[in-house]
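The structures considered in this document are given below.
Consider the two complexes below, in which subunit A is the common component and subunit B and subunit C are the respective partners.
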Partner chain A sequence: MPNLLSHSSSHQLLRLLGGAIVIAILGFLVLPAFVVTLAAFNGKAILSFPPESWSWRWFVKAIAYPDFQLGFRNGLIVTAWASSIALIAGAAFALALERYEFAFKHVLEAVLLAPLVVPHFTVGLGFLILAAQIGVARGYAVIVACHVVLVLPFVMRSVYVSLRNLDPRLELAAASLGAPPHRVLLTVTLPLLAPGLVGGWLFAAILSFNEFTASLFVTSQRTQTLPVALYNYVREYADPSMAAISVIYIMVTAALLIFANSFLGLAKVLNVEHSR
Partner chain B sequence: MNIPAERPERDEIAVRLDGVTKHFGKTTALDEVSLHIRRGELMTLLGPSGCGKTTLLNLVAGFLVPDRGAIAIDGLEVNDIPTYRREIGIMFQSYALFPHMSVAANVGYGLRMRGIAKAEIARRVAEALALIKLEGLGDRKPRQLSGGQQQRVALARALVIRPKVLLLDEPFSALDRNLRAAMQVEIKEIQKKLGVTTIFVTHDQGEALSLSDRIAVIAEGRIRQLGAPDEIYRQPADRFVASFVGDVNVLRARLAYVDGATATVALGSVKVLVPARTLQGAAAGAAVDLFVRPEALRVAEQGATVAAQGVVATQIYQGGHVDLYVDVPEALSGRVLLRLPGHDGTSRWPAGTRIGITLAADQAIAFAPAAGGTQIGIGAPTPAASAR
Partner chain C sequence: MNTRPFLRAFVSPAALCALAFMAALAAVMQYSLRAYVPGSLEPGGFTLANFTALLKPLYAWVFLDTVWICFLTAFVTLIVGYPLAYALVRTSNVALKSAILVITVTPLFLGEVVRTYSWIVVLGNNGFLNAMLLKFGLIGEPMQFMFTRFGVVTALVHVTLPVMVIMLAAALSHIDRDYDWAAASLGAGPIRAFLTVTLPLSTPGIIAGVTTAFAWTFSAFATPQLIGGGRVNMIANLVYQLGFASFNFPFAASLSVAALVLALALLALMRMAARPFESLGPH
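Right, the complex of A and B next:
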């Protein structure tokens, strides 16, 4: 009996400790966002924590700041193009890798996944040198190309996993029922791949919109994206506008995820749940 | 005026395979297979896994293209016709229902692909759901249905397009035993009612015997025997068919003499009449293997002549009958199985009893001994294998 008691009390201790650790980890994860959010409402013109007085004015200033407006617009243009191109290319590559056997298949796979290994600044520098070499100005095309390379592996992974979970017999059954290949694609393959496609696109869009390191190399004053604009700002000023922009960033990303969740279910989008 | 001669193959043969060969790399999946399937018939392709039966089904479906030979459906060669224009219905083991569509949308899919008017589709889908007794479940998603219901939906989806051939790929493997029996009866009834030509692939000899009009036993890419279930069971063409289809006992015996189409085989002090065709070239006095079904063996009455003596090893009570496993030295595996009707077997011959065994007349078949080593499936069944 005493043995059993001591066992159960040590068990309880472990549970408490475990709970505390989980809360500590979660706290640690949200701490930066929490600190920045509070700092954004600082009444004074310094980045400090905790703030001594409260104000909205940094949000107003940040939104009105021309460089941030330009960066936001550039970021949207680059993200829209880069994530959409990456989605089409990534889906095509994933389909080829999953469905067909061909020479150098593993080489192609390795090359496509290489950006995960190569540092972003290397990719950025590479594109900068290339663009200079072939005489292309640092316009949107170079930034979009650079972002496509960086986000492609994520789109590919996402679509590839969805494809692996797609029973090929569904397509065979559709064919047996009289569906020619393009109708099989439209009525069976694409609807069942939709979560993977949307998930891949969402990943690509968020990564592209937040990308800084490579963008620093390939953007100019005219084409700088929002993270680059923020960097340029923080080199000269240290007021809470930065923090305000960060809060807007978090809100926009969260809104995007909530939208995706209500549209498809986040579990499906992130390929956590495999429904058959 | 000359009336053209009757063309039976056009009218009676629904699916025709002539000299069909298929290789996968260096393996030969199908080797010069010819098979003519009659209109309205339920033809079973039976064989162990990897024998080529699924390859044959995939060739008829158009999922694969033959290396050599011709496949014709309704007299029309389909070698170059893609699956979606072959007018076939297929039901997979996994059912392959479209998970993002309702039951009604699944069943109506083939009709939509044919551009049929909405009202007509609704009418035919309702008709199909009534046929499989799932009226009122049209709005459900497949995952909300039980395994048996999903299978019926898959069947309705395949049948609603009125296919020229219905292909069933191991359809009962995923079902539990009770449901399996019920589904077999239901599918057989629907198949007969609609008169749809059906090719049924299975590795389960029990299913094959109970459902088929004819069975093609396939091994190593070739058809070993083609015939009605009773013919396959009673007059197997070779050792493989005899041991793959149904339980069988193999006993060492001697050929006494051959007289026309009948041969006489001696086992103990019993003479057994067997067909002579399976013993071509064997001389009188030669050793032969006698294949006897469990229900053709009897326990000998006291003082009667016996074919062999043995000791009861195990009894398995099966409800309607009793399976008696008897250790017999003459058996190739050292043990035979007797299937005795009634339920008194357990008390009359408890384990350890010494009994004489005799044979019911004319129900055995003999083959020359296997050349070296054992073959697949040869020998007395084990209790585990036959306890269905």
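Right, the complex of A and C next:
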């Protein structure tokens, strides 16, 4: 309705001002990534802007660093387990939450959503003490359990949103045509939920791979995940290897997101856009 | 016929997770009531000494500082995040929409350590910001951004901004544009229409965003640790220090319990304070 929103000069000015503010905020968001990229290609070990010489050597050094390699491998193991377990537990619970009434439903929901507001250091310390008390070594199992608890709310939310948008008549139609419940679940419900399941799993995987504070408590030298290895490196050394790792991180994440945006529709996955 | 097929199968895995989480919290609470035995990882008998020690001014200051940094971060994030969320939802330019979305969401997936490190490179004494300011002759010698509350809050805002924008955008996208046009047709200018229609209708997103930003900042560890450098301490840093430097796990546990209670109480207070506004939101 362009005739109602008249384009007077004050509107134009407002629009211009709004544009400038948005660009400034985007600049604030991009600034660290831009600066860290400059630093990563700096030829010297000491930071200077603009760099006096350029080099790839920090990338080579970072990729060859054994702690980063170990952290990357541990991170993949923990992430694969944690995100998959969280996907199964979270999706199943979201289904029960949406479909059924059962005892302690809301208590259970509240407990499972609590990790969103419970500080991660409390959760990490809790799993560390728990593992010590029941005599489990600080191995992968403890880290995976801790991560599952932390990422579960995100899977639940993602699947729950998809469920709300699912037309129950499709399931009723399948059931009325004689499909037994497990068949309806496998051939109708789950395929229709696929975007929510993929979105939730992806979200859980990325959060688990990057989880730091709780991981710092529950990992050991042998089982440290990549963020813990990176943290230990930053504390000890100041050379740009960390900048090189950061650039790789930023590139991979941005590529994944651009991919997700063009194939899955990021706006839909994040629930910030609604088709009418 | 069973009207709730697979109920047990659907609930049991999640119930197990809930049980593990409750057990971990119970472990912290149990430890918080145990005496510290110096030189031993095994806790002593039951005592309230850890909680009385929390009343020392040193710890009270860290608690106050943490709460202050959390509020400041949540507030600044809201102010910075709102225009971005608004542009994300309202722009009709597809390329701009995608750009905003990818730029906003990318930092969310970089993790606290990578982002904090990037801010060290920006804020350090021979970092980017000082180099630029010196180059353009705006300052004579490097300014101190590291180890200051300003530096910590700047980096924390960057950490919480994506989730704030996503929550605000989710709320804004649910608002029917017809309300805007109705306000405009009744003669409201764009600013007035925004202040009296869009802003109140986005209240649920504001509440969700602020409480989440608050909770995230409360549990931030790497940012205050690396950028605060021991001069800006938050509860998370104290807990880690007591646990892994002093091995005083009972006291670390009591700090965690106190932090948990404080965080939950403040979040409940924020929700309560927001309740009168919540009825304005879309139903």
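The rule is short, and it goes like this: the second predicted complex is superposed on the first by the 243 of 276 C-alpha atoms of A that agree within 3 Å, B and C clash if a C-alpha of one lies under 4 Å from a C-alpha of the other, contacts with A are read in each partner's own complex, and residues count from 1 in each chain.
Operating definition for what follows: a contact is a pair of C-beta atoms (placed from the backbone, for glycine too) under 8 Å apart; a residue touches a chain by one contact, two chains touch by 3 or more.
Small disclaimer: the values here were computed from a predicted structure and weren't measured.
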Does the subunit A-based superposition show subunit B and subunit C clashing or fitting? fit
Touch check for A:L192: first (subunit B), second (subunit C), both, or neither? first
Of subunit B and subunit C, which one touches more residues of subunit A? C
Quick check for you: in the superposed arrangement, does A:G178 touch first (subunit B), second (subunit C), both or neither? first
Partner chain(s) touched by A:V117 [first = subunit B, second = subunit C, both, neither]: second
Could you read off the angle at the CA centre of subunit A, spanning the centres of subunit B and subunit C, to the nearest 10°? 100
Pick one for A:D167: touches subunit B only (first), subunit C only (second), both, or neither. first
Between subunit B and subunit C, once the two complexes are placed on the common chain, what is the minimum CA to CA distance in Å? 7
Contacts of subunit A common to subunit B and subunit C in the A-superposed view 181
Would you tell me which residues of subunit A are touching subunit C in their complex? 1, 4-5, 10-11, 14, 18, 21-22, 25-26, 28-33, 35-36, 38-39, 46-49, 85-86, 88-90, 92-93, 95-96, 99-100, 102, 108, 111-112, 114-123, 125-130, 132-133, 145-146, 148-149, 152, 181-182, 185, 206, 209-213, 216-217, 227, 230-231, 234-235, 242-243, 245-246, 249-250, 253-254, 256-258, 261, 266-267, 270-274
Counting only contacts in the complex, subunit C reaches subunit A at residues 4-7, 9-11, 13-18, 20-28, 30-31, 41, 80, 83-84, 87-89, 97-107, 109-122, 124, 126-128, 131-132, 158, 161, 166, 169-170, 173-174, 181, 184-185, 189-191, 211-212, 215, 218-222, 226, 235-236, 239-240, 243, 249, 252-253, 256-257, 259-260, 263-264, 267
Residues of subunit A that touch subunit B when the two form their complex: 167, 169-170, 172-181, 183, 187-188, 191-192, 275-276
Which of the residues in subunit B end up touching subunit A in this complex? 61-63, 82-90, 92, 94, 96, 98-100, 109-110, 113-114, 143, 157-158, 161, 167
